Amino acid sequence: MQTIALVHPALALVLSPLLLGVINRTKAIFAGRVGQPLAQPYRDLWKLLRKGAVYSRTTTWVFRAAPVVGLAAILLATTLLPLAALPALLAFPGDFILLAYLLGLVRFFAVIGALDTGSSFEGMGASREVQFSALAEPALLLGLAAVAYHTHSLSLSEMISGLSSTHWSQAGAMQALLAASLFMVLLTENARIPVDDPNTHLELTMIHEVMVLDFGGPDFAFILYGASLKLWVFCALLTGLALPVRTGNLWIEVAVAVIAIFGIAVLVGVVESCMARLRLIRIPQLLVGAGLLSVLALVLSLR
Amino acid sequence: MMIVCLVLVPAIAGVISLAIRSDALRRGLLIVGAAAHTLLTLAAWIRRPAPELGGWIALDGPGLLFLSITSCLFLMAALYSVGYLDREVQGRRQDFEEAVAFSNAPEARFTGSLLLFHATMTMVAVSQHFGILWVAVEATTLVSAPLIYFHRHHRSLEATWKYLLVCSVGIALALLGNIFLVVAASRTGSGQESMLLAELVKQGPRLDIPWLKAAFLFFLVGYGTKMGLAPMHTWLPDAHSESPSVVSALLSGALLNCAFLAILRAQQVCAAAGQAGFGQELLVLFGLLSMAFAAVFILRQTDYKRLLAYSSVEHVGILALGVGLGGAASLGAMLHAVNHSLTKAMLFLVAGNILAAYRTKSIAEVGGILRGLPISGVLWVAGFLAITGSPPFGPFLSELTILKGALDQGRGVIAVFYLALLALIFVGMATAVLPMAQGRPQKALLGGDEPGGATPLRLGSERVLAVVPPALLGIGVLVLGLYVPPVVLRAVHEASQAVGGW
Amino acid sequence: MTLWLDTLLILVFLTNLRLLGSSRLGASVRVVALQGVVLGLLALASRGGDLTGHVLFLAAVSMALKGVVFPRLLFRALREARVRREVEPFVGYTSSLLVGAAMLGLSLWVGTRLPLPTAVASPVVVPVALFTILSGLFLIVSRKKALTQVLGYLVLENGIYIFGVALAQEAPLIVELGVLLDVFVAVFVMGITMFHINREFDDLDTEQMASLKD
């Protein structure tokens, strides 16, 4: 195993909370506020980790296991992704399916953790989460399948390295469809506007936030950290597929990729500032649309 | 120049009549235009005109046959509509079915559309290019829509909307058939000429078969919608029952034939490519299906104009069946096209007289036509006997020929179905039509002589223009049943041979 | 050129998607107008480099008709009718999109089954054309308003046009003009009929037209 393969997970571990900070800062700038410091997510995590945990008597071990399993699964997901020329720790044919399933595992534990509390609010959030991710998952998998077809490889590492920098001029239409579809999946999976509002305090409209209402202390820190890692994973995936930069110099490429990841975070902030949250009834339309875009990308890759 | 004139005469007359203020002058122009067209058609029988405009328009056997039907019917319809327009009440009046008031569309628009309708139908009959054929068929839809909405009330509006939308969508699918046909012909390398009927028939064996089949399917569904084949017939009963009777007569007698001709053109190409069987099986299927649909709806019909409309669905089914069976049946189908057009047009015109006198379309409320309207009554009963295929009228002969064709080919099951459906329809129509004719009128009949139309009708006071055209059509049907003139038989033969029959 | 063709076809695809999910009448009219313009460009792009006067003329006429004249006519109908600006579907928007997904699947399947005699520039031509035709048909049957049915008819016509552009190049000018003229008159007559429908029924809702049946 190459030591260099550990660089990407390490980067993700260190930098991912900063993504949340960047998004918040972008939104603050759009709103004309100074905003919280960029490092605020780190401070929040540190604060939560020092607290004790309170568990409701109605909950079982599932509730306690959920944050840990979720964090573990998403950590594993970071090891599957290469970053620019940095190889992934794990790479084998079909690993993109494992990635999708790890993300599914994260969601599954978040959902049963929420259901375990027995609260109707959290049950509502869980049901929405499941409904929307059931529509987002085909979009993600079909999009990845399109790349797999295009590059004739079944491993994420080869798929990403198989895209050349001239890719946009050769198959621009497919690329654009893919990027658009993945971006919509990113917004959905990470509970961002226009699908979900991470800042809202109205349980009736929330999805992700309402599921974690009962978690506190280190458990909540794990959940927050897991969420930021998930955002990193999606940003890294989108960067790898949509921005293949090939300079030949490892570190320049890595730097470009990291900047691109933060660029996506800024984009998310911009979207959040410019758009209102969609009505719940409209969200499935968005996701079905994303799925159709992926299908079309798949067709275009078949030529 | 002659074929161009055939199209231009009604077209120009139509445009002019849109601008004429005087009713008498406009009605005169209608008659003159129709008569000139018929004379030109007669001349075409005497000496067949050569193809014109680079072969894009020409008169071949099927074209001439259908053109003649259209022309004859239109002349009768023109005569009838002069009388009809004369007795139509001006201004707003009470609807007899519901308590709403309505008025007519301007008469100039009616007459103009009627003539333009004639021009587009002529265009369909003479087109030799599939593109032009499509354009002409779609144009017939568009110019006939105002005719259906002549009585401006909500039922006729509903009928117009259904007619416009269903037919436009159907014909749009036929356009897809056109495109597929071009693809099928792209290998032959005839370039710009590739959509000409003669060229396609000549290149037949070299056409791409899967695409040709797809094209035929779309033609059948597309033009079949316009023709009224079940299950795409949904617009037909509404449009036929809500439009003025003279328009119903033209829709049923002439327009359905035009759409039928378009399908025949497609079948001609199929036959040339050695795929006659593919098209024929489909035609048989749709034909029997249409007859079955019609039988069901005729049996429980309460509105006599809708009854006639469903009878049209039945007869286009018979036409499709005949061509589908091929051989002698194909000959019978061509003859039947003539017979059905004349009979159905006559029945619709008579239905117009009944409607004017009784002010109702309900079968149950009409009685004693034979007493109240003696001439119309006789024509009504004769028309019923003719349309159900009773001797000695023309349809009997043609339906028998189709039956013979089926039996000749050993397709007994189809023959049995065919006879059973015909019998069912006979029963259905008899129970509706005969009680209308017999007995005494239940209420005072109205003649529309004066504004308000409330003069009681006296015996034998039917208007000449209301009974002469249907009577002439009836005589024609009777003559065709007793003796088919050799010249007509030759034309029918030629048309039948073009689609692979006798 | 392929890239342009792909992009334009995808735009057509996206406009269909938008129509299936759109709840506003005005927006739908605009989307159909956009689709018309994209189709004109598609006609140009499909010819590669050799743009003859014939092609340019037809593309210009069709863009002017579909991009300017039709939307104006329809907007006028919308204004005069003073209808509620909602689409009012029989089938909900999300279900419509799911039906759209199914239709896309069907179009793709058919697209792989059709043996094309000539090489087609883009692998999505046939699927997108079929998808557009199916979307048009679906819009006609699943929407209540007369106006949306006209839009569906236009979309159907557009789908057929894509087929024509991609497969049957070089149709005679007179035929193409005739087709365009027919479509124009059809929309015009339908527009007039809509005006009457609105006056007679106080709405463009075709559900109220149910007095004729057996």
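Going by the order they are written in, the chains are A, B and C; count residues from 1 in each one.
Quick note on the criterion: a residue touches a chain if its C-beta (ideal position, glycine included) is under 8 Å from a C-beta of that chain, and two chains touch if they have at least 3 such contacts.
Please read these numbers as outputs of a predicted model, since none were measured by experiment.
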Exercise. Could you find the chain whose CA centre sits the greatest distance from that of chain B?
Key: A
Quiz prompt | Chain whose averaged C-alpha position falls nearest the assembly-wide average | solution = C
Quiz prompt | Chain pair bearing the highest count of C-beta contacts | solution = B-C
Exercise. Between chain A and chain C, tell me the centre distance in angstrom, where each centre is the average of that chain's C-alpha atoms.
Key: 37
Self-check item: Whole-Å separation of chain centres (CA-atom averages), chain A against chain B
Solution: 66
Quiz item: So how far apart, in whole Å, are chain B and chain C when each is placed at the average of its C-alpha atoms?
Solution: 31
Self-check item: chain C partner contacts - residues on chain A that touch it in the complex
Solution: 169, 172-174, 176-177, 281-282, 284-285, 288-289, 291-292, 295-296, 299-300, 302-303
Self-check item: Footprint of chain B on chain C - complex, ascending
Solution: 114-118, 133, 137, 140, 146, 149, 153, 156-157, 160, 163-164, 167-168, 170-172, 174-175, 178-179, 181-182, 185-186, 189-190, 193, 196-197, 200-201, 206, 209, 211-212, 214
Self-check item: chain A partner contacts - residues on chain C that touch it in the complex
Solution: 3, 6-7, 10, 13, 17, 21, 93-94, 97-98, 100-101, 104-105, 108, 123-124, 127
Practice problem: Please give the residue numbers of chain B that touch chain C in the complex, ascending. | Solution: 129, 131-132, 134-135, 138-139, 141-142, 145-146, 149, 152-155, 157-162, 164-165, 168-169, 172, 175-176, 178-180, 182-184, 186-187, 191-192, 195, 208, 210-211, 237-238, 241-242, 297, 300-301, 306
